[in-house]
Amino acid sequence: MMKQQEIGFIGLGMLGKPMALNLLKKGYNLKIYNKTSEKALSLVEHGAEVKNNPWEVADPGGIVMSCVSDDKALKSVVGENGEIAKILGHDGIHVSMSTILPKTAIRLAQQQAAFGGYYIAAPVMGRPDAVQAKSQSYFIAGEEAAKTRVKPILEGISMKIFDFGNNPADANVAKLAANFLIASAVESMAEAFTFTAKNGADPNKLLEAIGETMFACPIYQNYGRQILNKNYLEPLFKLSLGLKDIRLIAETAADSHTPMRFLRILEDRFSAAVAHDRSNYDWTGIAAEIEAEAGL
Amino acid sequence: MMKQQEIGFIGLGMLGKPMALNLLKKGYNLKIYNKTSEKALSLVEHGAEVKNNPWEVADPGGIVMSCVSDDKALKSVVGENGEIAKILGHDGIHVSMSTILPKTAIRLAQQQAAFGGYYIAAPVMGRPDAVQAKSQSYFIAGEEAAKTRVKPILEGISMKIFDFGNNPADANVAKLAANFLIASAVESMAEAFTFTAKNGADPNKLLEAIGETMFACPIYQNYGRQILNKNYLEPLFKLSLGLKDIRLIAETAADSHTPMRFLRILEDRFSAAVAHDRSNYDWTGIAAEIEAEAGL
Amino acid sequence: MMKQQEIGFIGLGMLGKPMALNLLKKGYNLKIYNKTSEKALSLVEHGAEVKNNPWEVADPGGIVMSCVSDDKALKSVVGENGEIAKILGHDGIHVSMSTILPKTAIRLAQQQAAFGGYYIAAPVMGRPDAVQAKSQSYFIAGEEAAKTRVKPILEGISMKIFDFGNNPADANVAKLAANFLIASAVESMAEAFTFTAKNGADPNKLLEAIGETMFACPIYQNYGRQILNKNYLEPLFKLSLGLKDIRLIAETAADSHTPMRFLRILEDRFSAAVAHDRSNYDWTGIAAEIEAEAGL
Amino acid sequence: MMKQQEIGFIGLGMLGKPMALNLLKKGYNLKIYNKTSEKALSLVEHGAEVKNNPWEVADPGGIVMSCVSDDKALKSVVGENGEIAKILGHDGIHVSMSTILPKTAIRLAQQQAAFGGYYIAAPVMGRPDAVQAKSQSYFIAGEEAAKTRVKPILEGISMKIFDFGNNPADANVAKLAANFLIASAVESMAEAFTFTAKNGADPNKLLEAIGETMFACPIYQNYGRQILNKNYLEPLFKLSLGLKDIRLIAETAADSHTPMRFLRILEDRFSAAVAHDRSNYDWTGIAAEIEAEAGL
């Protein structure tokens, strides 16, 4: 790897910042931008160069990575008229790591292509602590030529890259599906624990039993533990962001006429949680709703 | 272990028979009973003694294990007036491995206690192939004195015993909760795969990605594969039995006033599957309903 | 009408008592029975003869009407071994006005037929105030010969009889379906009102508008008003009884493999209401759950 | 009424055209616009003046009525930069009869106010045959000064006006709530009929019984009949439009954090119906989905 490689990086939130830091530690030169620039400061001492506008992080033919909170924020940083795509120009690559609508990815890929560049969808799968520890994964999709340049960079700061093919939207579809699976696992565990407790048995023993056998995997073990500890107030992924993702999934499902009955339950669950002022809980906090519904 | 120990064994179905065989191989003397006696025959050559009535497998102070299809079958084999409990008498133990209602366990435990004996709930967690390979687990609950005698026997033919305490019903509650979690995982995967496919992405890649990371556990890996292979016609656990379990969970939830929204989805799903003549599918076959609902 | 006709009447609850009173006022001679006999006393001054056992109200070839709270109560009053059917004997008629499982009706009809008698299902459609005002209706089903004798009696104390044919179970199926429709209307109104209020508009105006036009009928007008007045604490039909009916519908739906998605919502709704100590509310009180879920 | 009053009218679809015709018959002078102008032709012989652009129907200080298919169409006809509001100017009124998002109404009202004019929300409640017969109603909301001018016009071509106050959005909220109630009534009837049929009873008798008593109102009587006649192929309101409305309700519910469990069922139901090529059915055609789900 050429240690001196330049990368533009936009979005220094809970996920973006540890990624950027890990890139800096790997030796990349980073031009960074964040809407609120204070967040960028601590990266300066690691060598990052702070810019005042998103398009200033882009170089012709270069790579810009972005990790922002939603579709609207992403549309804003790429610019109404595709400013970043324009500057990146021929062979330039936008690596978009946000969880957004597949149809937004398609539109941005077309915009990028109009200037001879590439759009690589690379939504990140993992929470901030995982990203910091480089144990997150990426769902990647886009044109081969561009992926070949992007993959080594992402591999250096993560556990694994999963390739979903040439259509950028596909990585976003898969990311939304994966988030749906996590939220469904949370709901089902919370229902199972509530059922167990309401009938006088010990949900901790249930978690132990399933977590060592058929559900011996991080989501059940870790989220299950978090639910039973009612450990919602130091969010690793905020409930309001969970609701945002649920709505992205719902919109994508509606556009494709895909009935999703578990998703419907989740929509109401997250909606009620926000109505009950639980926006700032960790998203496993929907379990508090489930317990309350049962009178626990 | 005393190789010559006597055990009564009732119920030689898909789960009971491999258990009985493994007990015989371990050196136990088995008196066996099955409603349709042909199923018992192949065990005779391994030394089992076939009886014509369930109560004939019981000895005073001894151990009877049962593994039957539902509450009704269990009530039938223990006898209207507790015949087996009566013969087992003081210190006799009934180890009940069926998936039944917690309230049935409570009633049978009282019956057993009336004769000075014990009822140990030990529902089996695993499908026939797992039981054969001794990789299933048991959720056990009941009085310590009896569990001490039962555990070594079950440990000899399984991977692990999880102890849910002194109240037999608790093991059944946990077993129902665990089955609910499996069915929920199936529904959520099938919805996620359908969503992925309807939006043009590849569900196989999704399964690979989640199965190697956050859902790296048997249920997601194995059931997920089964769903994607549409491999429903050689059932390891029949859909009609799945529906039976769903109804047991629903009844227990209703009795305890526990709202369970995912369970409601599953009730309709299994009900529709049976209405569509899919009773004999493997229970992962509810995925066929989910795909059909989406027009796939 | 022969004013001196004898009728046995069992069950003097909120519905049974005003029926019995209206029969007395019509000139029928009533032998009455209620589990707790105090309830019968006020009818004595209207000429009723109180009996100490349910079977004592029956005469050979006569008519017994019953209106009790559930399947279990009905099974109890008809007697373990069909005592009432036996006494009623040839041409005797049991008119069963309770809301029960269709399969219970089938069983009781068979029992009655075994003694040469008839079982007429005639579940009552209406709340206590309606019954008192003779504005309730009956869903009737059973053999013609018997219905011919029963109809004039019921017509004298109600607004209308709807005939569902020769199979007694059919009237119970229809009654359960009708109750499901009412509960669904309540849920949908409460959701609509909550939606309206949460978005800053006035649900009272909504009710006025729909209640004068497309939903100009008693259920929407009266129940809608009750919901908006939050008038739950003087129940005309208790929420716990509503839950009982929901469970009868659910059991019948499950037995016939009929998915019913609105019913699932109602199951959880009533279950949560009971978990939140609202058993004694009027069953429109599920609206309180719906508002609370939305944070109102 | 001044017979010579001028009105601009935009949108000559299934609802708009009979409205426009009734206005012409009342003696109003109409300048009309429709995206596809053929639809306008038959109105010319009744005296309407056809325009080629939506803003040409507006006069300073005058009234423009619009009745178009969705939010997007409405945004298009009012013009990107508020062309119609600009021409209508001071005291001009836009009467918007479409079923749209409340938040769209708010935005358009602000736009109108910016030019000194008024936006009156007046969504129409009724199907084309009702509109033709002047038996529809309007949910009206907006500033009094403008409503005073609009009401007499609408009263001349309808059965009744329901006033939801000064905030235009409130009429749209109520309209969405009313459509939700209709769709819920359809789903609940279809479930009830399916339940009845699956259990061997006659849903026609059920409809007769409830339609004469507690549900003696147009929605139950007419839609109920339509469902039982499986009369879906001559749509009075197309299923695809129903889905559009369901999505408007869902978006409004999500924005206001209002859980709506029945709505969730409807979302999946309509989505599945479209996935099964039933877009062109009448929206009561979701009943076909419900029957199919139950294997009928």
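Lettered A, B, C and D in written order, each chain numbered from 1.
Throughout what follows, a residue touches a chain if its C-beta (ideal position, glycine included) is under 8 Å from a C-beta of that chain, and two chains touch if they have at least 3 such contacts.
No experiment lies behind these values; they were computed from the predicted model shown.
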A-C or A-D, whichever has more C-beta pairs in contact: A-D
Interface numbering overlap (same over half, different under half) for chain A and chain B: same
Rounded Å distance between chain A and chain C, as computed from the means of their C-alpha atoms: 54
Gap in Å, rounded to a whole number, between the CA centres of chain D and chain A: 40
For chain C, residues that touch 2 or more chains besides their own: 253, 257-261, 265, 268-269, 272, 275, 293-295
Residue ranges of chain C in contact with chain A within the complex: 268, 272, 275-277, 293-295
Complex contacts: residues of chain A adjacent to chain D: 247, 250, 253-254, 257-261, 264-265, 267-269, 271-272, 274-275
Residues on chain D engaged by chain C in the complex (per definition of touch): 102, 125, 137, 139, 159-160, 162-165, 167, 169-171, 173-174, 176-178, 180-182, 184-185, 187-189, 191-196, 198-203, 205-206, 208-210, 212-220, 249, 252-253, 256-263, 265, 269, 293-295
